[in-house]
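A, B, C and D label the chains in the order they appear, each numbered from 1.
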């Protein structure tokens, strides 16, 4: 199972080659990720309330086919279980049946001073398990 | 007299018509404004240190000629004196002798809670007068 | 009558003051405008097919209240009839009953070489009248 | 040897955590890459003149330390030689002696219809060798 969010390509996201500029996929990943996370109390604002931040430490994306102005795209999100206090999200950007891009972000957990945590605090852990469950993990 | 800052048009700022997307001029105005303001202790971080914010309440821009990828443009900044606790910046975006765009932003002053101030506090006033002087006002 | 489109504030649209950076409203205006225009064959790609461009020549925005991460905002769009070959769109950005911002863009019509047209060509005129009618004008 | 370009962090690039939003590094990579490439006739516009495009097919970035508003950062660029008709750029974003981020982009070459080329055409090859030489490769 995966979580899906739908976006319509905006005019200003398209570059002079008439395709979406590659950097905008990073924003799309985030839109989908935060939409999923917010259902489980894990979006940036909700994390802050429980004293946590989850900065991106690793980002990757493979671009397969270009998206164009007005396209309706779906960002499909899956997660990986990690041994350590990390979150890994995998993204597939689709237009109908076509895969446009595949990517991944890795997040660490820190306290509000930015100190990295080696264990996921209980409340975050509880919310994370609910998010995993929603993804059938 | 006016303050000038120079920018080179970035690839991702250009839209599918091969010209700079109009919204990016708003960022250019800000780059120039903050560069000028930072010389007088008036950029956003420096204002915060003295308990102030200066949000934009009014923005306008007239677009005359398009800028293109790789163009070197100059943002020329002038200010207006105001009766009230407002700051008004006027911008002219030039490419050599050509005027590409002309715009303006109006800023109010607030405390860190966002409450509008009706008078400019003394320290901000002192810095502002130095900025005005640098512009020959 | 007016046309409305709904947006959710994205994390990367929020600045270090925890409010939407003012330049992003320009993109929101465009999202709403193009969504409306596309219903009548008047979005940038559809205009190009009939040999036209409609660049922004004038932009203005008054900012009343800040939008924040996760806010659901509505961009309400109205138009003005013009004597000349111009299009004027008026925007109101709302959060529930609150007005966050009010703005306007003026567009001229040009051929694909960028030469300004003094009259709206018949096919564009026909589509425009349908758009006006949808807005009760 | 590597190529270096210098940037100053813009206010709108900073997110609500007071650090540069991770997606903006993708634009910084591109600013540096295009600045280097333009010296050898290999920027997007110059490639187009010789019938080529060089879309990004793979992007990665590791984030080590946050950049903040007003920071002066250096994007250091190196390249890798590839067996096939690909270009690989490696980026290191520095603030003084500190490494803020390390990333990479892989580009294929296509004709103007988007068909992938399996060999680098002679003129592009000639320019590329000059770029490699400038990097001491």
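Details
Definition applied: a contact is a pair of C-beta atoms (placed from the backbone, for glycine too) under 8 Å apart; a residue touches a chain by one contact, two chains touch by 3 or more.
On a predicted model such as this, the values are computed, not experimentally measured, just so you know.
Two chain pairs, A-D and A-B, are compared here, and A-D has more C-beta pairs in contact (counted per touch definition above). Among the other chains, the CA centroid farthest from that of subunit D is the one of C. With each centre defined as the average position of its C-alpha atoms, the distance from subunit A to subunit B rounds to 34 Å. One inter-chain figure worth recording: subunit B and subunit D are separated by 29 Å, centre to centre, where each centre is the mean of the chain's CA atoms. Spacing of subunit A relative to subunit D, judged by their CA centroids, is 24 angstrom.
Multi-chain contact residues of subunit A (touching two or more other chains) are listed as 11-12, 16-17, 23, 27, 30, 44, 69. Interface residues of subunit B facing subunit C in the complex, by the touch rule stated above, are 16-17, 19, 22-24, 26-27, 30, 44, 53, 55-64, 66, 114. Here subunit B touches subunit D in the complex through residues 8, 10-12, 27, 30-31, 34-35, 38, 43-45, 69-70, going by the rule given at the top.
Here subunit B touches subunit A in the complex through residues 11-12, 14-18, 21, 23, 69, going by the rule given at the top.
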